[in-house]
Amino acid sequence: MTEHFPILILLVPLFGALIVVLLGRERPEQCWVTSLVSLGISSIISLFTIIVVFSDKVQTIRYRMGGWEPEANGYEVGIELRVDILAALVVFAVTFVGFVNTIYSKTRAEAEVQGKVPFFYALIQLLIVGLCGIVMTNDAFNLYVLIEITSLTSYALIAMGNRRAVLSSFNYVIMGTIGASFYLLGVGYLYIKTGTLNIDDIRMVLGNDNLWEHQSIVVAFIFIMLGVWTKMAFFPLHGWLPNAYAYAPSMTGTFMAPLMTKVMVYVMIRVMLWLFGYEFVYSGQHVWKELIIWMSVLAIVAGSLLALARTDIKKMLTYLIVAEVGYMVGGAWLGNVTGQAGAFYHILSDAAMTFCLFIAASIIVLRVGDSRVNAFDNLFRKMPLTMIGFTVGALSMIGLPPTCGFFSKWYLISGGIEAGQWEYVCALIFSSLVNAIIFFRIFERAYFGKIAGVKEDLSPSDSDANPDTGIKEVPWSMLVPLFIASGFVLLLGIMNRTLFEWIQTALEVMNT
Amino acid sequence: MIEFSIIPLFTWLVSLLAVPAILLFRKRPDAREGITFLAAFLKLGMIFMMLPLIREGKILHFQFGEILPGIPIEFRVDGLGMLFALVASSLWILTTLYAVGYMRGLKEHDQTRFFACFAISLSATIGVAFAGNLLTLYIFYEILSLSTYPLVTHHGDKAARTGGRTYLSHLLGTSIAFVLPAMIYCYWKSGADINFTDGAFLDGKIGSSDGLIVLLAFTLGFAKSGLMPFHSWLPNAMVAPTPVSALLHAVAVVKVGVFCVLRVFTGVFGTDFLQKLDVGTVITYIAAFTIIVSSLIALTQDNLKRRLAFSTIGQLAYIVLGVSFLSSNGVTGSMMHIAMHAFGKITLFFCAGAIFVASGKKYISQMVGLGRQMPITMIAFLIGSLSIIGLPPFGGAWSKWYLFLGALDADQTAMAIVLVISSLLNIAYLLPIPVNALFRSPPQKGKKGSDAGIKEAPLACLIPLCITALAGLLFFLFPGLGFELAELITK
Amino acid sequence: MKVFGLVAVFVVGLLLLSATQDFPSWGNPRSAASDGEVSSFYIEKTEAVTKVPNMVTAVLADFRGYDTMFETVVIFIAGIGIIAVLRNFEGSDSSIDYDNDDNGAGLLARFTCSLILPFIQIFALYVVAHGHHSPGGGFQGGVMLGASYILLALAFGLSKAKRIFSERRTMIFAVVGIFIYVGWGVLCLLLGGEFLNYSVLDSILPGDAMMARSYSMLVVEIGVAFTVTAIMFSMYSNLSTRGRLSKGL
Amino acid sequence: MIWQFDIIILIFLVVAAIVSLRLKDLLGASMVFGIYSFLICLLWAEMGAVDVAFTEAAVGAGVSTVIMIATIFSTTRRSKD
Amino acid sequence: MDPIIANFIEENIVPKFNYWIYVILMMIGLYAMITKNNLIKKLIGMAIFQTAIILFYVSIGVKEDGGIPIISHHGPDHHQETEAHSEAGSENLKHNIIDKDKYANPLPHVLMLTAIVVGVSTLGLALAISQRIHKSFGTLEEDEILNKLRPGGHD
């Protein structure tokens, strides 16, 4: 049974989506239960997959669709799933965030997408199918199909928001199509030279025929990278992201912000190491290593500064995502295992902390009814539980121990030092400082209230009574996800050593 | 001789565990403060339990978890940590006593928050004192920054917020910008070993120019030590209530800063290795510059707490200066000065607070002739000042003496001269306050009426300041323990 | 913007063209892609292992059946995505105003349509069923079937078409199509093979493992056809009425 | 595979693409786009990709054009560029 | 004509004419996607862009004398095949008679079927989105939409 785990992870939410569409119109209340159950099962299976993969016998699950064995010379003729520890971790992150986000959606879905609840749940489950598929597939073209699945679902999900969301969804369609088509072009250029689509086989052919010098392979690499960067909103190509995530329905934003860009970062790491291989990507003759690290520095600095300039909370967070993408691209391009592992670890930790922050921000915007920073006034008194969750996420974003943000930054900086890329190290530090300013600005407001406020504004005694207005905590269905997310921020931080060792071992295999 | 012991953990935990209890009893102030005292005494008791072992030359050690490859959360008690923990925990009791008097005297708001944060800060301070590796040190350093922020901004008004902003931005900013990369660089350079256990871990693993940069990054990055140019948080943090200022300037925060610098010199590089690298002088000059400039600025301040703040900057620079001589005498002087300055400066702050509680006066110019109404406070202030200046028969004399010897050992005659000049400056900015208060009559007879009602501060304020003043005297007579602990480090 | 676009486009174009110089020339049967082991395998062995002469169908529905499953899912997503984005449930949803509706095109067009519609549909079914031997298959047949309903809607008005193919029915068709496809794969799973490994179905299908593959391809093509038919029509009906489903073009 | 045929269609393709993008009338543009789809479908049939050609005929020249026209009718027909 | 240019054309353009045209079509489509003001025009550009890539893939699969990728039992190999059949369906012989140069490479065709489907799905969804945009903003011109957003928005 265990060998079927990879496909089961995909099939369960797929069936969930079908059932939701079929039964949703008659029994809308069942949609939530169905998707909760399907995503719950899926995340349990993916948790077991981690265990299976990590047990000594199986390091990588290879699952051949349709049972097609490789042909005589060893080339795969079918499509293959390949799950190693990295894929298993990301898949778990995807399904689990999906599961927790479904809990969060319980009340919000009915409020924000009236009448279309079943479609929302169906789309979000299909999005999870797509993301998991992206992570696990070992076929370059299948990756394209799955990228398009995630794109289409996210276009639709974003366009379910207000009119700005619809507009940004259109921009996303244009950018996303360009990105995915570039990826497809790159795969075509690889195919014309190698004659195969399986990722492992392509690397093998590239090595055997020594095709690395060929112009078409270089162009293929450039286009695949451009495509992936567009989808992950790497700095100059980030234009579609902020509005899309900020104005989408809140439960869409909370799901997509932590995962979409991160999964694409995973794809980038995978393309770099699995598809093209270490020698090709980092070899000295290509100038792009330095160039891309400088680009990531630019992404980090620009993302942080743009975030600093925003007063809208969600917008600010989306620009922080742009900066974080810069972290990960830079880390992956440093050319040493520490940096790559740091980038990968940051995929997980960034997913956790972005999820945490987005849920908290959505709750606050919902309760206060204002999406600007002054929504935070006095919130520590009014919504202490929400603010605790927010604080955990924010500290992680700044990079203070023992949250996971600190450790991912640690590994990334270690990688930067090891590679001697001081500009990257400086950019990381700079971004941490800017994040500190951004979040402490918020904390100050949340703690003390309005700027003009004086001592008398605060409640005079130690009483915990809410001083004013009806701003109260939200129902458990929104607080529980927040606490799960912030719990994961801490858990990933505490477990970082174990995780990092797994990641490092898996990546070292790829770098040889 | 390293010995496993669980006491360091409990010493750290005890004030942390007090926090939920404090929050639980938020409605009953007496129980709440009882818990604070209980925790404080328990802590001191545990430290005294460890003291004999440390004096035998043992190193107590406890570790759990492994947060990064090769780096656990590690507690390790040696002479330096012991000295610091001893000072911090004994002063915690006094500060708590004083805080109770002060807070109740002024009927401050949010006392629960105050005491809870206080307990967290002390826990973090002990964490720093006992930290067995650089990362543990860093973590507790950051926790201390964050947990003292609510204390600094306790009043919540605009000035407090500005002060708090400066405070946090300096401390957090420097630690992220300098210490973190330096630490990661060390981690990488030393092959994943940043434990203090086996002597200085960077010994012989780093070149001269790298070493200078790392050393500078650490020394400036631990901005709690108040070295220029990252000193301005200190005067700004003066908006805090006085017990907090006492905590910041005498016990927890600033001492953590210099303690970290001491650790960097002795535990990260090792003084011998630094001598080989020949990079200590840069720090020496920064420290000397800080001493002179801060003393000069202190002279111009009229707000008592601000003047004391600049005085603190100068005194802290002594400690850094002493250790930067890289001689055993210098390090001994530095360690002694941690303790001596702690007791001296806390006396001064207690006095400043007592004056504020009793008379509401903040400015030095208002305090002329105050000694008549508040003789005990002013005499304690005088003792504290003398101890800080370093005149016998007060404890400060020992540390100054050893610093001086250290300067001569290192052939830094110029620094010896700096020490002399700065001592003169100390006299100039500290001594006039008690002297004017005690021996001059109030200038304006007409306004005497307003001073008439002034009495000594409440007993809870008065007792601690007497004790600390007395301690300054006792340290001169019985300095043995301090030397003993210092010897454990310098040998 | 225009200049920037022009520059970007030219850079992209030049990059792509620069790579064509080391492509094998067009139509060269010895190029890596055409001569590689994988495509040779498909050309030479397909009929032997699947009994299907149309390699494209075989590769589509069997070797790369997993891709095709997601292709169907893509269509499905487009269908429900359009509904999610555009559908306006506020209007009279269930009770379509049949009387006051548009009546489609003119008489001649309606006559012609009624004449050719059955042929279109029969041809579409043929395309679905005969995909093993001739160009075509589930997707093409499904599109044609969907197009026949679109034609119906154009000629006789949307309401007429909706009477045959209501929204509810569309959704059921779409779901059932994917369900057939995925369920068939799961059936393989339950019988002990990998997902979509049709050869294990020989225990329940007549013939040997190769014939089982051949039959299974037909089954999944039918599944695809279901979904595509339904979604094509749903796409048209939503887009032509701005999501109200009340009045067609 | 007849290369003369190939080249002629390719050139027509480019023309059709440009025309469909330059027309200010969106209805006309989508009609020309239908022509473009049909041409490219011819090209593929000629290249031996019958399945692809069949699909493109049904989808590109058929459904795509129809839904595009449906959209144009329910929005606006004029375009500034 | 300059011999170098003539040589270049002979070597790089004539045998790769398909690739040149696909790049040109792709450039046209991309340019329209980036610079066109009308949303429908952008989508037409997008469709052109995608078909150009499909053209590229199909061109990969072409063989000079390859026919459609459907195995023919009535073609020139007919006689051999019947012989093969008579030998009790011997697998090996049966394989040998299929000349792979006679058939176009089927794999790119399969891939492009999927790509066409993806293209039409994207187009449909994008059209739905642009209808929503038209409903909210009353126009499909990008500059007018941005103008409408400007006064109210804080973006």
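Read from first to last, the chains carry the letters A, B, C, D and E; within each, the first residue is number 1.
FYI, contacts are C-beta pairs under 8 Å (C-beta built on N, C-alpha and C of every residue); 3 or more make two chains touch, one makes a residue touch a chain.
Only a predicted model underlies this, so the values are computations on that prediction, with no experimental measurement involved.
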{"item": "Chain E and chain D - chains in contact with each", "value": "C"}
{"item": "Comparison of C-E and C-D (more C-beta pairs in contact)", "value": "C-E"}
{"item": "Chain nearest the global centroid, as defined over all protein CA atoms shown", "value": "A"}
{"item": "Chain whose average C-alpha position is farthest from chain A's own", "value": "B"}
{"item": "Most distant chain from chain D, judged by the mean position of its C-alpha atoms", "value": "B"}
{"item": "Chain A and chain B: spacing of chain centres that average the CA atoms, whole Å", "value": "44"}
{"item": "Centre distance in Å when chain A and chain E are each reduced to the mean of their C-alpha atoms", "value": "31"}
{"item": "Inter-chain centre distance, chain B versus chain C - centres from mean C-alpha coordinates, in Å", "value": "75"}
{"item": "Chain centre separation in whole Å, for chain D relative to chain A (CA means)", "value": "38"}
{"item": "Residues within chain D bordering two or more other chains", "value": "1, 50-51, 55, 59, 63, 67, 70-71, 74"}
{"item": "Overlap residues in chain B, where contacts from two or more other chains coincide", "value": "none"}
{"item": "Residue list for chain E, restricted to those that touch at least two other chains", "value": "17-18, 24, 26, 30, 59-66, 68-70, 107-109, 111, 113-114, 117-118, 120-122, 124-125, 127-132"}
{"item": "Pairwise chain contacts under the document criterion", "value": "A-B, A-C, A-E, C-D, C-E, D-E"}
{"item": "Interfacial residue positions of chain A with respect to chain C in the complex", "value": "4, 7, 11, 14-15, 18, 21-22, 25, 63-68, 71-73, 75-79, 113, 115-116, 119-120, 122-123, 126, 129, 133, 139, 141-142, 145-146, 148-149, 152-153, 155-157, 159-160, 166, 185, 189, 191-197, 205, 214-216, 218-220, 222-223"}
{"item": "Interfacial residue positions of chain E with respect to chain C in the complex", "value": "12, 15-20, 23-24, 26-27, 30-31, 34-35, 59-66, 68-73, 91, 94-95, 98, 100-101, 103, 105-111, 113-114, 117-118, 120-122, 124-125, 127-129, 131-132, 135"}
{"item": "Partner chain C, residues of chain D touching it in the complex", "value": "1, 50-51, 53-55, 58-59, 62-63, 66-67, 69-71, 73-74"}
{"item": "Parts of chain C lying in touch with chain D, wherever the complex brings them together", "value": "27, 54, 56-57, 127, 135-137, 139-140, 143-144, 146-147, 150, 232, 235-236, 239-242, 249"}
{"item": "Footprint of chain A on chain C - complex, ascending", "value": "15-16, 18-24, 31-39, 41-42, 45, 62-67, 70-71, 73-74, 76-78, 80-85, 87, 89, 168, 171-172, 174-175, 178-179, 182, 186, 189, 193-200"}
